[in-house]
Each structure stands twice: as C-alpha cells, then as structure tokens.
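Each chain gets a letter, A, B, C, D and E, in the order it is written, and its residues are counted from 1.
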Amino acid sequence: MSATVPTRPAESIVARARGVRSVVGRMVSHAKKAPGSAPGTLFHTGRRKMEQVRLRLIDYDVDRIEELTLSTIEESFSYAEGPRISWVNIDGLHEVDIVQAVGERFGVHALALEDVLSTTQRPKVEEFDDHFLVILTMLSFDEATESVVSEQLSLIVGQRHLFSFQERPGDVFEGVRERLRHGKGRLRTRGTDYLAYTLIDAIVDSYFRILETIGDRIEALEDTVLDDPSMEVMKRIHGLKREMLILRRAVWPLRETLGQLYRGELPQITDETRVFLRDVYDHSVQVIDTVETLREVLSGAMDLYLSGVSNRMNEVMKVLTIIATIFIPLSFFAGLYGMNFEYMPELGVRWAYPALLTFMAIIGGGMLWQFRRKGWL
Amino acid sequence: MSATVPTRPAESIVARARGVRSVVGRMVSHAKKAPGSAPGTLFHTGRRKMEQVRLRLIDYDVDRIEELTLSTIEESFSYAEGPRISWVNIDGLHEVDIVQAVGERFGVHALALEDVLSTTQRPKVEEFDDHFLVILTMLSFDEATESVVSEQLSLIVGQRHLFSFQERPGDVFEGVRERLRHGKGRLRTRGTDYLAYTLIDAIVDSYFRILETIGDRIEALEDTVLDDPSMEVMKRIHGLKREMLILRRAVWPLRETLGQLYRGELPQITDETRVFLRDVYDHSVQVIDTVETLREVLSGAMDLYLSGVSNRMNEVMKVLTIIATIFIPLSFFAGLYGMNFEYMPELGVRWAYPALLTFMAIIGGGMLWQFRRKGWL
Amino acid sequence: MSATVPTRPAESIVARARGVRSVVGRMVSHAKKAPGSAPGTLFHTGRRKMEQVRLRLIDYDVDRIEELTLSTIEESFSYAEGPRISWVNIDGLHEVDIVQAVGERFGVHALALEDVLSTTQRPKVEEFDDHFLVILTMLSFDEATESVVSEQLSLIVGQRHLFSFQERPGDVFEGVRERLRHGKGRLRTRGTDYLAYTLIDAIVDSYFRILETIGDRIEALEDTVLDDPSMEVMKRIHGLKREMLILRRAVWPLRETLGQLYRGELPQITDETRVFLRDVYDHSVQVIDTVETLREVLSGAMDLYLSGVSNRMNEVMKVLTIIATIFIPLSFFAGLYGMNFEYMPELGVRWAYPALLTFMAIIGGGMLWQFRRKGWL
Amino acid sequence: MSATVPTRPAESIVARARGVRSVVGRMVSHAKKAPGSAPGTLFHTGRRKMEQVRLRLIDYDVDRIEELTLSTIEESFSYAEGPRISWVNIDGLHEVDIVQAVGERFGVHALALEDVLSTTQRPKVEEFDDHFLVILTMLSFDEATESVVSEQLSLIVGQRHLFSFQERPGDVFEGVRERLRHGKGRLRTRGTDYLAYTLIDAIVDSYFRILETIGDRIEALEDTVLDDPSMEVMKRIHGLKREMLILRRAVWPLRETLGQLYRGELPQITDETRVFLRDVYDHSVQVIDTVETLREVLSGAMDLYLSGVSNRMNEVMKVLTIIATIFIPLSFFAGLYGMNFEYMPELGVRWAYPALLTFMAIIGGGMLWQFRRKGWL
Amino acid sequence: MSATVPTRPAESIVARARGVRSVVGRMVSHAKKAPGSAPGTLFHTGRRKMEQVRLRLIDYDVDRIEELTLSTIEESFSYAEGPRISWVNIDGLHEVDIVQAVGERFGVHALALEDVLSTTQRPKVEEFDDHFLVILTMLSFDEATESVVSEQLSLIVGQRHLFSFQERPGDVFEGVRERLRHGKGRLRTRGTDYLAYTLIDAIVDSYFRILETIGDRIEALEDTVLDDPSMEVMKRIHGLKREMLILRRAVWPLRETLGQLYRGELPQITDETRVFLRDVYDHSVQVIDTVETLREVLSGAMDLYLSGVSNRMNEVMKVLTIIATIFIPLSFFAGLYGMNFEYMPELGVRWAYPALLTFMAIIGGGMLWQFRRKGWL
C-alpha cells in the first residue's frame, strides 16, 4: 500500500462494517414506530444521542445582540415574540415536549412536528399559516470508518423567530454565530429568511468539504489500485460507493427544496433573499454534479481494479507457462536416458552426454527466444 | 458461512425456487381468464386461499363502537347506510357474489369490480359517482423462502362506509383496529376518507419493515460474500434482486396513486385528510428511494462476489505457480543425474552430490525470494 | 439438463437461428419497396402467407346475427351500409384491390391503406372524416423455435361497420365470435367502437399468455443455468433476450395508441367505451411492466451463467492445483534418490527408504490438510 | 469462419481502420475553420470530393417537364422565378460562390449558407422570409470497410423552386426523377413542399436498406461468434457498434426535424403535404427503434463473444487438468521405484512390476471415471 | 506500441497522475472559503496563476479603434461610459479590488462578483438592471499530461462596454482581436451583444479542436489496444474517460446557458444577434453529441482491452496446455522404464527401446493432430 493511502487499523474496518450495516437504517427509521400507531403522535425515532437537551438563544437586531442558554423552551417564547429576531437552537430531539410546545405555540401542523422528530426525512419545505418548515440533512464524514454521518436539521421559521432542531450538539454554524456577534456583513440587518438562508448556505458549503475529502480518498485509492489491486482496496471502493448512495439521497431532494424556496413560492421570503437562495441552489446543483462525477470515477476505479486483477493473473500464468514449457520437455529427455533398457546404444557413446546437454540448452534457449518474441518476457 | 447469515435448510431453498417460479405469475393473472371472455364478467383470478369468506364489520362514531362478524354481506348494508361510519372487511375473494352485491348496491362499475377480483392489478385509484376505489398491494416477506409475498387490498370508499377486500385473513391493520376501539387520536372523529388514509398509512409503514428485513439480509450477504464467495451466496443475491423487482413494481405505481389522492382530484377527500395523504405520499417516495438504493447495493454485492471469485482464482493460480515453478526445474536437474550415460564425469566426483543439493537449495530459495518480492507470498 | 426444460430437437435450433435472422426483417419491411416509388402506391410488403384471401362477414344487432363467407369485398358493402353492425374480417393482404376498394368506398387516406398493407408498422391510431384506423400487432409464440411471431392487424372502424385485416388466417378472436353468436354480455347491444375495444382487449389478453409462456421458459432456464452452465443455455438466454426486444417494440407504442384512444381524442368513441379502453390501457401498462421485468430477469440469468462458468473454472483449477501441488514436490524427492551419483551416503542406509516414504506421506498429508483448511476440499 | 460471413481481404480491414479513425471527423468539421474567424464567412469544410461542380435543373408543371445541365448557377434563376416548379440540384460544395449566389438571390441568412457548406451539421429545419432550409444526412454503407458513409443534403425550398446541395454526385433520388419524368402519381401536380417531402422520403427509405444490410452483417457475426469467438470477430462487432453511433447521431435529430415539419410550424407547407410528412415522421421513429434494437443486439453479440471465450478457456483448462491429474501421480509412482536405495524390498519381488502396473491402471481409470462423473469428458 | 501513439516520458505520467488528483478540485473550489463566511464576501478561490493583473482595453466604433494597456481599472471607466464600445479584458483574478470596482460602478450584484472570483462555477447567465453576466469555461488540452485544463471566463456586458475576466493570460480570442483591428465582417458595426456572441463563439469553436485532439488520441489508443493490451493503455483509457467527465460537466450547462441567451430572455440582446446565438447553441449541441459519442467509444475501447486481455490469457493457456499435455504422458512412460524392479521383462528385449520411441512419437504426434483439429495451433 502506497504512502498516500492513510493506513487504517483493523478495528476501524470492523467499525466501518458496522457503519455500513445501517445503509437502510440511515434511510428509514419508520420501522421503529409501532405499525398502525396514530399519525401525528410525536415520538423521536432516532437514537438518543445525548444526555440533556441544550437550548441556546441568540436574540439580535442591528444594534445589539444577546446570547443565552435556556433551561426550558417556554423561556424563549417571550423573546420569539419580541421585536428583535430570535434564533433558538435546540440540540437533541428526545424530549418530545419541547418540539410539541413550539408546535402548539406557533401553529405548526402535527405531521410537520412528526417530521422534525423522525430523523430520516428527505429534505423538504412546508408552509403553514405564517411559518414555514425546512428540513435538511447535515452531513459529516467520519474519517476512521470512511462513512458519511448524517444528522437532520429542521428549521421552523416565523416572522421574527427561527427555531433550529438538531439531533446532537456540534454543527457547521460557528461561522454564522461569529458573524452575528461581530455584526459583519448584512446578516444583522436582515430578517429571519436571510438567517435561514445563511444556515442553509453553511450546510451546502460543508458538503463541498466532504466531497473534497472523499474525492481525495478516491484518488488515493486509484493510485493504490494500480500498484496493488488487493481485495482490501476493492472493499474500500465498494464502501465509498455505498457512501455515495447516502450522499446522493441527501442532495437530490435538496436541490428540489432549494428550488421551491428560491422560485418564491413562500410569501415569507423577500425578493432580496431570493437572489441569495438562487445562489445556494446553484451550489446544490454543483454538489449533485460532483456526486455524480465521483460515482463515475468510482465505477472507473472498479474497472481499473478488475483489469489490474486480470493483469496479475495473466502475469502469474505467464510465469507458470514459461517455466513449465521450458522444463517439462527437458525433463522428458532426461527421463528418456534414465530408462533401464539393456539395449540403448546412445548410453555407451562417449560424447552423447555433452551432446544431449547442448541439445537441451538449444531447446531451452529457443523457447526463451520464442517467449521474448511474443513479448512474454 | 459466517454466523450472521441465518442458515437455511435445503428444503427452504427448493421452496424459494418454487416461489421464484412465479415472478411472472405474481405480476399477471390474466392468462387464467378465457381469452376473449366478456370484460366485466366477474371471477376471481387468484388462488383460493381460504375455505370460508370472513366478513367483519366495525361500526363507529365518536361516542360508540360496535364490532360484528357477519354471515352475509347483505347484513352490512343497513349499517353501511346508517348514520355512523361502517368499515366492512372481507377476507377472501372467491365468493364472487359478495363483491357483486357490494358493486350493485353502491353503483360501482363492473370493470372496477373485476379489478378487485383480479388480484395482480397495479395500485390505482378510480372514482365513481359518489364512491372511489383504491387498489393497493399489501406485502410481506417470507423469511424461509426469502421471497416477497403480495396480497391485493381493495378499498371501496363511500360517504359513510368503507369496504375493504383482502385475499386472505391476516393484515397490518390490527393497530388501526386498536385505535378505533380505544378512541385514541382523531380517528373516531373523522370521516371515511381519514379511515382510508389510516389503512394506506399502515400499509406503507409495513413496507419500511420489509425493506429493513431485506436490507439486513443484504448486508449479511455482503459480509459473507467477502469471506466465502460461493455459488450459494450468488444464488441468494440473485434471488433478492428478483424480489426487489417485485417490490419495485408495487411501489412505483403506488406513488402515482397517492399523488392523485393528495393532489385533490377526488371530491370525497377533505382538505384536512389531504395533508395526511401528502405525508404518506412522502413516505412512498422514501420507499422508492430505498428500493432503488437497495438495488444498487445488490449490484455492488454482485460486483464484490465476482471480484471475490477472481481473487480466489488468482490465489489458487499463485499456489500452483509457486509450487510448479520451484519444483519443476529442480526435478529436471534430479532427472539429469538420473540418466544412465556411461560417461558422465560428474557422477564420480565425491562432492558432486552435496554441490548439487546446494545448487538446488539456492535455485529454490532464489525463486522463493523472487515470489516474495513480487508480493505473491 | 433438468427435466423442467423441454428438450428441443437439433433441427428446431436451426429453425430458431433462421427465425432469429429476421430481427431486422421483423421490424422493417420498407426495403422491399423500390426506393423512391410514389408514396401511397399500394402493394403488400409482407410475405404472401396464404393462397386465397378469405372474407368473413358477421352482421348483427341485438335481435339477430348472420354469418357469411363472401367471395368479393363488394358484397360486404351493402351490409356495411345497412342499419346493423357489420364486421368484415379479411384474412390475407396480398390482393391489394380489396384494401383499395374498402379505402375508396369509405374515404380512407391512401397513406393509411399503405400502412395496412405494409406489415411492419408500429401500432397507431389515425382518424379520418368519419372513420378511424387502428393498427395493432397480434403476437404468438412459436414453441419449437422459441421465437415470437407477429402479425399485423388493422381495424378500419366506421359508424356501423368494422373492417379487420389480417395477414393470415388464425387469430385470437374466436371467443369474441362466440360471444357475438350467443349474445352474451353487452357486446350485441353496443356500437362498433365497443366491438373494436373487444378485439383490442382480446389481443392484449393474448400478450399475457405469451409472457407467461416466456416467463416459464426463462425460469426453467434459470434452474438449468445453475446446474449446467453450458453454451447451449447461453444461446437460449440470448435468443429469448432478442425475442424480448421484438415484444418490447410491439408493446411500448401500443400503450401510446391505447392512451390516445381512451383519452377521447376520437369523436367516434363513446364515453361508455372509453371506460373500457381505459381498462385495456391499464393492461397494456401491465404488459410493459412485465416485459421490462422479464428483461431484467434475463440479464440476471446471464449474470448467473457467467458466475456459474467462472465457478466451474475455479473448480477445475482447484483440482489441478491440488494434484500438482501434492505430487510435483514428491516426484522431485523420488527423482533426487533416482540420481546415479557414486557418493550418495543415504542410499546405503537401511531405514532411508521407509524414512523417505514417511517423509513423503507427511508432506502429502500436510498439503491436504492445508487445502482443507483453505476450504478447497 | 462459416460461409455466411463474407470474407474480407486484409487491406479492407486496414481501410476500415482508417474509416474508423474519422469517428470524430465524421461528427465535426469545425476545427478546420480558423479559430475566431467571422461567423457567416462562407467556406466549405468538407473534403473536396469532385473536380467540377455539376448543376442539374428539372423544370416542370403538370403538362411538361424539361431537364437541363447548367454551367452557371445564374442560368437557373430565370427558371426558378418562372411559373413552373424548378428543382436545381448542385453536386459539389467547394465552389462557394454558387451557394452565396443562391443565398443572396433568395434572401437566405448567411449563417444558413454556412450550415449548407459546413458538412457535419445535425439535421435541422430553419425558416426565412419566404424560404425554408432543411438539412439532412444521406447515408450509405460501404460494404468493403463496413462503415457508414454520410453526405450532407441541404434543401432550400421556395414557393416555386427548390435548390438541393450535395457534396458529391450519386444520390437516392433516381426514383424521384423517374416519377417526375413519367408524370406518375401526384408529384407533378403538387408544389415544392411535396417535392421536398418526396426527397426526404427517399432518404429515410434508404436508411431502411442500410439497416437491413447492417442487420444481416450482425446476424452473420452472431453465428460466427458461436462457432469461433476470435479477436477478428470482436473487432468487427466493435466496428459495427461504432458505425451505429454514427447512424444514431443522424437519426435522432432527424425525427425532431421531421416533427417540426409535420406539426405545421412552416406556412409554406400545405396541410395535404403535412399528412405525408407525418408518414415520414413515423418512418423515422421506426428507424430509431431499429437502430436502438440493433445496438442492443450488438451488445448481446459481445456478451456471446465473451462467454464463448471463457467457454473455450474452460475447455482448454479441462484438457490440461485431466492430463496432468492422471499422469502426474502416476509419474510419481514410477519415480518412486526409480530410486536407487539399496534396501527397497519391493524391487526384488517378482509380481511387483505387474502389480504396480495394475495399480496405475486402476488409479488412472478411477480418475477418468471421476472426470466423466463430473461431466468434464 | 504502434508509431501512431506518441510516446510519453515517465514523468509525464506522474504529472498526469497529479493532474488527475484534481478531478474534484477542478469541479469545486468552495472548500477554500471559511465555512460560514458571509456570502458576497469577495475573495479569489483559484490558485494565483500570475504575478501581475493585466488590463487591456479595446475601444472602437465603425470608424476607429484604439488599443491600450491600462494600469488601473478606474482608467477604463471613462472609456466604458463613452460613446464607443469598450472591451476591457482582465487577465488575473487575484486582485479582488478590480472586480469589486467594476461591480460597484455598474451595479453588479455582490453574489455575481463572487461567482466571477470563484473559478469553478457552472456556465450560467444572470441578468441585472442593465447588465448581464455570462460565465463560461475556456478549455485547453495539455498534450503532455493528457488532461483538460479549464479556465473560467466571465463576461459582464453593458450597453456600450464589456468586461471580460480570465484567470491567466492566453486565450482563444486572438482571431477576434484581429477582426476588430482590421474591421472585417460586421463586428465593428454591431453592439456589445454581438461582441459577446463573438467571444462565446470562439470558445465553443475551440471545444471542437479539443475534441478532435482527444478523438485522435482515442483512436490511436484503440489501435494499440488491439496490438498490445498492456496496463499502461488501460490507464490511459481510464485517464481519458476521466477527462471526458470534466468536459461533459462544462458543456451540458453551456447548452442551457446558450439556450437562455438565444431564446431572448435578455432585453440587451437584439434579434439580429439572437440568430447568431442560435447558431452557437446548435454548435454546443453538436459538442455534447460528440462528447457523448467519445464516451461510448472509450467504453468500447475498454471492452476491446478486456477481450484483448482474455484473448492473451487464452493463448498463454493454450501454449501451456499443449506442451504439458504432450510431454507429461511421455515423461510418465520414460519414468516407467526407469524403474529398478528386478523382473521387468521388457527391459531385456532388444527392440523394446526403439518400439517405445516409436510409441512415444505416435502419442505425441496424435496429440498435435488433435490440437490442430481443435484449432489450437
């Protein structure tokens, strides 16, 4: 294995195998609902990923900004209904009451709340009386297991407040928070639609970074495939192909969703923000292009692998054939004069032995020359 | 075979082979009709799957609920036309009279009744004067034969009654019945359109469970394929691929059907229920996504299998080549000094034998070193 | 070859090869027209398939029905213009005058008549002043040559008469004639549009039977492929794939044609009949589904064949490797002590021979143990 | 090689290889223009294919017809503007002045003239004030090199004149000229739109003949592939696949073009002619169907080739394995008793030699029996 | 390797490998932006490709033309707002101020400016108050590394000025400049829309030249593949396939962009120019056709490679089999008479030795005859 491919300890491969097991798991979580249970009944379908739900509030206008950590969701409501813009970020979905409280307060449909909690939704946008819900997938790439980890992000966007729900702490929004704090750019002067755009933009930007990481892996694999087409390489190609399926499933509906947003089907989004959404939309198209290209590159890598393998086989066969073809006839002649017949006149001839050796050398040399002529050597 | 793959007794494989034989059978049942027989002539095209048709009635409104087992379909009509909502479930289609009686009573078109009885219809929705007919496919996964078993469910939905026709007893509606009995959720307060939605939702939910089961099987197979790419594994991959064709054929038209339902082409469906149907529609899209992803994963598994096989072949060839390449030349030299020429001066030399042995050891060792250098060992 | 695959005599394979030769022939017959000849010049492009054109008339209304065999097409015209419905069936297209006479009498466009005679048209529907023309493909499956035989059926449908043109006697309409004779169902009470529907329905129904036959063949082939992946099986898979291309070409435009008919683009078709056409349309979609599924199953069968072949190769190689790997080293040792050096001290040792035999047994046994450990035995 | 495949001299293969080299050349000729040269600058991009441009005029109405060979294009203009219909056919495009003169006289856009001269255009139709331009591809099949030769045909159609531009003499219009001369059919009584239709129809008809020729080649190849899967056959399959790409590229845009023509987007085309154009359109769809089918048949032939090759390999391996597996163990035993140990009691036993021979026969026979049982013999 | 394939020094392959590494890099450059940084913040994402930004101005009308090299962008503004048409070409994007200055002066949206600087955009067109922005990809083919090099070109087009931004000096516009200088054609008499068209046309024309170069490479590779299917050829095929992905990604959105331009969605484009844009649009469709065809030709080349490899393997196996099958049995017989049994009556027979030799010759000859009959020789 060449130096360009990061070596991976055996356990990480096992871990990847485990990661891989959840291909369907990462796509559907419905099975965990009791069949036939009432639609709109809220419960969280993902794995509980943290101990304690964390509520963070950023309340701002052009002039001032306030950051708080809340202990109950109800505390946020007075801010949310205040004159400034409030961004409430909820890390952790297992306390269903919080989602329900937000839903009841702002008239969000029970099914939409169910979607927030059911963490394997396709990206989508839905409109309510004066709110809209955007569901997105945050992705990250786990280097050790070479697998894509996805986390659902739901945004409930009202006139002057935005609730964002994540499955666990840790996100790609630190840059956005920094910009809010320092009042850089136009972020502090705009409404919640622009804030929502900024968050979406941060997510789509993060996809590019994942694609670059995967792209680097693929290219390292391609180099390896040429040097050493081992089964291990094949497994990794196969694994990455599978991860691309997960990625692909996230980005195709994303484009649709962003298309709906920028084409102005929602009255809450201003024309100004629409121009920016058009820009993220373009980026999402670029992400799709890249995903599809990488898929084709991976298919190409598999072809390389297969021709590498058959090339090796060819080489092995050539070695065997050369050796066998030279020595099997020679052994025959040696065997011939090892026979014990009483009347074998050659045996008594003085120069017979050197003559036979010469003959053998000529045969062997002739064969070698043939092989060289055929390009086998 | 690794422990993760459930072992299957030989007879189940035969059973699967039999199940497999019906790929076309599971898609069309038309051939059983006499060619040229009059359209709209009612007879049941499926296999008779039970002795006795079973009729169950649930009659409810917000305040009370009644459950009955009926002996004739006519008994249900007074309920069906009463003020409360009646759900009549018919298990078994071979008594054509029952279907005909319902059709005549509520003005359902003869062709629609034919579709109810012809049990390999594509999912579809059709509207009549004040009824609509929904045809769906209930699926289950037979673990022993690794095959998808499908059963047609037809719903005839009127203003205050819903008739559901199944081919045999056993369905995914127990949860719905429980919710009706206990009056949980909004089910008891809504009309037949919501009841129909609830039944459809239960079916689509059950698809997710089947996909999870198949997904687990596929992932177990993938592990096996890496360890032991036997023909048996190949056959199972092939079998699952075939089952995915059956599944796929059920879910693509389902999406269309649900699209028609939620887009509000039917006046019987209220706007409120439409929102819920939109949700099932989204789920059906997710099912399609998953089916297509699993198909790609299966193709990948087949690629893994093929490269596993050629890898094994390579290994076999290497062993043969190493052994033959080392010993065939050595045998030649042994044979050389086994010749019976009278004048072979080496034979009389005292140190010739140890010298030859040393020479042979060097040759053999040199070859081994070569093989190690080439990475064959 | 297992018992489930019907054995086929050698000559039928030759026959199939001949049948196969006409893949393009079965798709186009244009080449037989002199290049640049005037469009609308009528001549028959198919092979003459019978001696004598046969004209059969069925003239009916609700009350009575008359069946006649006519000697000239002109005899039919008085019936055709009479008050009852006349169905004139023409078996054989080589007497161009007959087609021309019908065309002139009922104002059918010369190009449409050319289409009737040119027997490799795609299914289509065309409208004229008060007639419409439907072109369909009747298919049958020749069991001996495993090939799909197609025959063009053209219907010229007027207000109270329907002319059907076939290339040769024998069709799938016996059931329809029976229903006409016995006055069963609604057929006698309806117009020519319903009669046309009935004929189309009979054809589409017959497709299902062909698909079932082919499906059975494919499944028998799949079983065989697993037991005995011979070249003969491969040829049959390939042959069936080719037949599926022919089938596919017939059914895709059929759907389009039926779609045009049921969507009500023709004023001659009543709303009542439209419902029935919708039903045939659904069936044609089912036919397409099945054709596409069978194509995928065939591709799967080819994959099975290829992995069966490489599996066999693997097995062959293993046998060779095991034998060679055990005996080549042993032969070397035997050769070693067959050398004639004067000073080989071992040769004189009393227990050397049994010791060597033991050593050889250990070597051989060790190798066998190795192979078993690798799972090669 | 079976008798059904025409043998081809070695040079024709070289010629084909040269023909093949122009795949891109046959698709684009733009590179020959100096980059950045002014658009609308007229020069001919094809190879000069003849010495002298040839101008032929046919001037006709219902009553009389005149055929002339002109020496300058200007001579044609008085005819073109006369009351009768004039068809001016120009063989050879390298005299740019001729094209320019026509363009200027009848107000054809400079870009359209550029398209006439740039001989690798996609089929298209363009409209000008009172003219329209149709660009088509005439194809022929060069039997010797098995390659499709394409030639661009441009029609400039005015009210009472039609200019047709070809790259070289020789076309598929002789039949049209005959019909004009003899006044058969409706050709003499119609306008230039019908003449244009007639020319297009002649071209599309010629496609069918090419497809039949290629179809026959493919089917002969398929037979050969089964008997003798040599590399030469593979090359020819590959070559035909490439030619299908050329064909495909010509026919897909043709359909579009004909669709535009018959759907009546051009006022110069009468409704009567439109019906005929609809007919050619249908034929072009049939051509596409056939091209796509042949492409699939070729893919199938390649699969057949590959399985033929691996089948042969299998057979070769079986022969090797049978021989080696029988004789290598036997040789070992012979070697064993060729050893020179002093104390080998068997050697002195009288019946040892025949016993060993019997033992060897049993071993050998047993192996043969094994191979027969496995179906290897 | 045949003479038609240019030999490439080993280092160029390494270079290509490096080029190849940037497949994703050539598609996205977003990752270089700090995640979450404000949209519309301008910085250049490409590699800095030159020391000094170069500003060139061409200011012209029908009567006169002036060419200048500017030192600051502000100098150009007075020209740009003057009565004549000004084309300002900026080579180098790393001085962000220049782009910003143009943007502010002419009211170009910040996001559009970001797109100008972010050099991996998909081709697109965007409209502003009285300007429009066109983003295109200039491609060139690096012969040494066999890779496609892409450079982004952005055009900001106003009423009487056009700003073109390139990443580095060197472009395909020299011909356009020449035509401007010499006042040839209609270029000097038209507006900026026509100038923009001319630049786009020059770019699309250059694509054809790249495709021809790649096409030649592919065809040379195809010849090589047949003679010598080495791993090196495979790698080059794979490399070209990858380059086609890059090309493809550039040309598909180009067609869309040109479609938007010619369909007249921008008021700044006159109807006259629209006709010309329609022409470039047609060329872009031709480029796509060619790219797709080349992709299929490359797939075909890979198939050729694979069958070439398996053909070689077959040949190698045949040689081995022939030699082994002839000599292994012969060796056995030689070994047989090398045994040391005391009672082997044949050994004492005088003619036994010549008889055995004759027998061996017959066996060997018979085998050779068999092989010839099977076509292995």
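Assume contacts are C-beta pairs under 8 Å (C-beta built on N, C-alpha and C of every residue); 3 or more make two chains touch, one makes a residue touch a chain.
Predicted, not measured: the structure shown is a model, and the values here were computed from it.
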Just to be sure I understand: going only through chains that touch, what's the smallest number of steps from chain A to chain D? 2
Provide the labels of all chains in contact with chain C and in contact with chain E. D
For the copies chain A and chain E, the interface residues, called same if over half of the numbers are used by both and different if under half, are different
In whole angstrom, the CA-centroid distance of chain B from chain E equals 43
What is the distance, in whole Å, between the centres of chain D and chain E, each centre taken as the mean of its C-alpha atoms? 27
Touching two or more other chains - residues of chain D: 310, 313, 317, 320, 324, 328, 331, 335, 338-340, 344
Which residues, counting only chain C, touch chain B once they are in their complex? 172-176, 178-179, 184-187, 198, 201-202, 205-206, 208-209, 211-212, 214-216, 219, 222-223, 226, 275-276, 279, 282-283, 285-286, 289-290, 293-294, 296-297, 300, 303-304, 307-308, 310-311, 313-314, 317-318, 320-321, 324-325, 328-329, 331-332, 335-336, 338-344, 375-376
Could you list, by residue number, the parts of chain B that touch chain C in their complex? 17, 20-21, 23-25, 27-28, 30-31, 33-41, 109, 111, 114-115, 120-122, 124, 228, 231, 234-235, 238, 241-242, 245, 249, 302, 305-306, 309-310, 312-313, 316-317, 319-320, 323-324, 327-328, 330-331, 334-335, 337-340, 344, 346-348, 350, 352-353, 356
